[in-house]
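Please go over the structures that come below.
The two complexes that follow have chain A in common; it is paired with chain B in the first and with chain C in the second.
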Partner chain A sequence: MTPEDASVAAKASTKAEFMVGRLWLLLPATIVVAIFFVLPVALTVPKSVFRDGSVNFDAYAAVLGDGYYGLVLWRSLWLSFVSTVVCVLLGYPIAYYATRLSARRYKRYIYMIILAPLFTTAVTRVIAWTMILGNQGIINTLLMQLGWTEAPVRMLYTDTAIMTGLVYTMVPFSVLTIASVLENLDGKLEEGARDLGATPWQAFLRVTLPLSAPGVSAGAILVFALCLSAYVTPALLGGGRIKVMASLVFEQFMRTANWPLGSAIACVLLVVTGFVIFAYGRVLERRVTLGEDRGRP
Partner chain B sequence: MSEIGVVCVQQVSKRFGDVPAVNDVSFVVEKGEFVSLLGPSGCGKSTLLRMIAGFETADSGSILFEGRDYTNVPAHLRPVNMVFQSYALFPHLSIFDNVAFGLRRKKVPDKEVTRLVLQFLDLVNLNDLSARFPSQLSGGQQQRVALARALVNRPSVLLLDEPLAALDLKLRKKMQVELKVLQRELGISFIYVTHDQEEALALSDKIGVVSDGRMLQYGPALEVYDRPRSEFVAKFLGEANIIQCTVRASGDWLELVAAGNTVRMRALAESPPVGAKVLLAIRPEDIVLSATAVEEDNVYPCVVENKAFSGTAPIVWVNVDGKTLSVRSADRRTFDAMEVGMPAFVGWRSTQGVLIPEDHR
Partner chain C sequence: MTASVAIPTRKRRSQSDTSGIGPTGRMVLGSISGLLLMLLIAPMLVLLLMSFSNADFVVFPPTAFSLKWYYKFFAMGDFLSALLTSFEVAVAASLIATLIGLPAAYVLVRRRFPGRRALAAVFLSPLMVPQIIVGVGLLQLYTALGGANSLTGLVMAHVVAVLPYVIRTVGAALSTTNVSIEEAAADLGANQLEVLAFVVVPMIKGGVLAAALFALIMSWINVEISIFLTTTGSYTLPVLLYNYMEYSLTPVVVVAGSVSIVVAVALVAVIDRFIGLSSAMRL
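After this line comes the complex of A and B, so read on.
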């Protein structure tokens, strides 16, 4: 150990002591997280394995053994995935417009318009969609009056209806997370790229997009999680016929009062969601930059 | 080509809403020239630079590069490159990839990209940092990357927007020298925007003084310094004592009257007529100060008002019949001998000082 190393080590250890001495400052935040986030989840796990005073894994056997639950899980993941992709694809241009192209004084109004749907309850918003998509809804009435179709097109109570509703409710979340990253990006970077011969589109692809990737992934994870746990939208726009994981959990708890089974479904959903988000993060880490890696010495 | 220059800005104007940012500006930059656009913040000099770069479009007038009109050509198709005040280095790319960015957009073959990038990183003494990322470099190093990234494209003119403003004084002075050497070596024209008059004087072949969106004066640096045509230029480029005078006699010699004192000046090519109101601008370093008599063409008794030691050129303020003049010529011994309130003499030669018409304030 050279003297410099020693002094660095000494500094590090005093710093560590300093940190440890102040760890109690984290206590309030830790308590809040524990009570509101960890505890409810932690309580679900014992619920799923206790039945009639004994520990058993019957509920898990039921969930994992029955193909029906696998199907519902797959549908939930698929609906959430498609809705998330659409949310990001729609949200990015809106966020870009709000942060980059609009004049400063209009920004506030743009955000207000984006947030407005969140001021009403989910039920109102979704019922509005049933009026748009229903057999006597606006779209079908229009189609029939124009003579394009004889009978109403079935739109309500389909996967598409659920995805439409999910996208509609979740877009604000993707817009806001992406906008918060774009807002902090130096606008000069895009100019720098243009100055170096990049077309506006190339400047966006090579500079702005990779630098806003953290916002996109944060928004995607948030929307995906919200979609997967959404209950009202699939229930109303799926008409109770199309089941998702959240509606199964609701049924087990509120209708059949089979708490162990409900908890088991919830735990499986939690693990699968956790895995999907983890895998997604790993994939993203590997491609932070877009193909600028050739010709490195 | 020399009549058109590398860059030719012709009667360019630009408004932002109701506010005129650039107002009827024209100037020509020749090949290999170092030109500074000097002015206070908000005077329009940066807008002017951004119009040359293509980030803003001129409302009227035209911008030519080597005789070709580029007024409405988008930024990415212009033969110019810019060094931003914030450097605008791409944080997600390595130093190598930052410098290679422009070449790759031009589809230069990989082998050639590598050769050129290393050559230009070597030019700014950064070749061993090519694998690092911008956040791992110091301010001075980032500045050099920004320079290499722009210069590697061999622009016909390099635009620099207050590139040294973020550096501390010592580093700034060092970078000034490096910048000048680099510019001379490469023979590329530079247009350099700054509000620092000392920097502009130290670096430039030509200086353009900008105020309120107008180009007040444009010419060789020394000429603008020695022959300011307006009070603003006299005061902004260097320091100046401005004395209101009336012309009493005009001929081989000019006689001016200011507050009862007579100032004699050698006649100029365009001497103002008798009775004209003029402003006499005289540099603090052109005035001689002494506790005893001064042997100059114009000598006035004065009272020392204040003094400040500022290193190389200490400054003394003296009062001549109610008018305060600043004097920078005092050598150290004279400076130390001056005491506030004591009588002294100031004077200057008849060849010194510049006359500015009163309406050019």
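After this line comes the complex of A and C, so read on.
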């Protein structure tokens, strides 16, 4: 290639670079997201402070001053926290097994099983758990047939039922985030620890676990945020009696039609999850969410 | 610290076993994971099994099996119309999300411009912002515009909710392709849309299909947004099921749940064929 050829090629490619990926291609998606996502979410804030044409914070005073709402907020946080801990404890061994130990051909099926709950509606999962936990459900039927209990044990419509449902729904997320970190971990580090005399357990505790900590915290934060904003699972498995933040929002909008109050609760929920999402972003700062362009030479 | 370190003269393990936990540890961990995986899949299997029960109530174990409740399900007008609504909304939302998401993902991957990361974050944020908040926000917006409970409104809500999946899946597929082919096409006079339609899409058609199916599934199973934007007569299947579940668990509900699972599993299998689930689901 002569120098002239090269410069022609270079000029052509700069021209072509502006030809592909014109910015107006972003326009349709941007408009749709602005109208149907950004605007409605942003609207929640003014709706919570405007009433009868004037600004007032009555709704917030009601939410933050009333012991009942504080109790519900506290319960939401507590249920989400416990579910998150259980999700990480269950998710870690699965992620470890799937990424480090299983044969390649099984990996695909493991992923399919992990992902299956994500592709069914929250209601379907609740139907399944209602059949398992209910008074005439599978567990109670077994317990009674074994003679371990006379009357059915009350499991459905309790905090435990809600947490079971939340954990079942969120375990895939914790497995996926932890697995993505474990997958990129250099196995040689662990091997080195072993060669230097560490027992397998020591090697895991002092090498692998600390190295996978970012995945664990990212997974935990994600699961916590999702638990906190879940509506269907706590509403149905709690039998409508055990309220969480999300069910209060639903109630104010769909049942009692107190929209300012509903918006205020929604804003509190938005702020709490926003804070959690921010923490998630900080943990994952160096990870790229979109595929990087490896096509450009 | 100055004491000489005794280096154990153990045999190096085989190259494939980098975990270094030995056969016993491997077996223990394997059984724990196996058990947990079984717990993940068991509720779905129970649901499918129970849907074939002949009994008039949801009782375990089923004593006789039949398709009785499936016939009942398909004979019930509200379920059938909800099934149809869900299908229409999912197809429309998936098509629109793919049509607008593909070019957006393309620019986000191919071009560097100010605000690119922020824009990508906004496109992906429906994954993180509580759906219930999107739902109430849209309910207020539509009510203000005088069009609550319209099918179009529901479709557009789903488009936004499934757009992140399209952008991510297409973005992942694009990052493996070579930009010079597109530049060559542009040099030869193809305009931007022609490059997209005749060069990019054929190169990543598996990824595009997977993205569309992803969008289809996520719309098909959505309930937390739909619940605010539908009313009697316009219910989607998950919302109708939710309403039934607020009262009681009946055999027809179990059948409807099973139908929903079967559709989802079929779609997942197709996605896996085209792009591989693990690569599509990277978080």
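Going forward, the second predicted complex is superposed on the first by the 230 of 297 C-alpha atoms of A that agree within 3 Å, B and C clash if a C-alpha of one lies under 4 Å from a C-alpha of the other, contacts with A are read in each partner's own complex, and residues count from 1 in each chain.
Keep this in mind: a residue touches a chain if its C-beta (ideal position, glycine included) is under 8 Å from a C-beta of that chain, and two chains touch if they have at least 3 such contacts.
Predicted model, so just to flag it, every value in this text is computed and none were measured.
Residue contacts after overlaying the shared chain place A:Phe173 against chain C, while chain B stays out of touching range.
Among chain B and chain C, the chain that touches a larger number of residues in chain A is C.
In the superposition on chain A, A:Lys188 makes contact with both chain B and chain C. Contact with chain B, but none with chain C, is seen for A:Leu211 once the two complexes are overlaid on the shared chain.
In the superposition on chain A, A:Leu269 makes contact with chain C only, while chain B stays out of contact range.
When the two structures are aligned on the shared chain, A:Asn56 is found in touch with neither chain B nor chain C. Of the two partner chains, neither chain B nor chain C is touched by A:Thr256.
By the touch criterion stated above, A:Gln202 is placed in contact with chain B alone, chain C being left untouched. Overlap of the chain B and chain C interfaces on chain A: residues 188, 191, 193-197, 200, 203, 289, 292-297.
Per the touch definition, chain A reaches chain C in the complex via residues 12-13, 15-17, 19-23, 25-26, 28-30, 32-33, 35-44, 47, 90, 93-94, 96-98, 100-102, 107-108, 110-132, 134, 136-138, 141, 168, 171-173, 176-177, 180, 187-188, 190-191, 193-197, 200, 203-204, 222, 225, 228-232, 236, 240, 246, 249-250, 253-254, 259, 262-263, 266, 269-270, 273, 277, 280, 289-297. Taken in their complex, chain C has these residues touching chain A: 6-8, 10, 12-13, 18-22, 25-26, 29-30, 32-33, 36-37, 40-41, 43-44, 46-47, 50, 57-61, 96, 99-101, 103-111, 113, 119-126, 128-134, 136-141, 156-157, 159-160, 163, 167-168, 171-180, 182-184, 186-187, 192, 195-196, 217, 220-224, 227-228, 237-238, 241-242, 245-246, 249, 253-254, 257, 260-261, 264-265, 267-268, 272, 276-278, 281-283.
In the complex of the two chains, the chain B residues touching chain A come out as 53-55, 74-77, 80-82, 84, 86, 88-94, 96-97, 100-102, 104-106, 110, 113-114, 118, 130-131, 149-150, 153. Chain A contributes residues 186, 188-189, 191-200, 202-203, 206-207, 210-211, 288-289, 292-297 to its touches with chain B in the complex.
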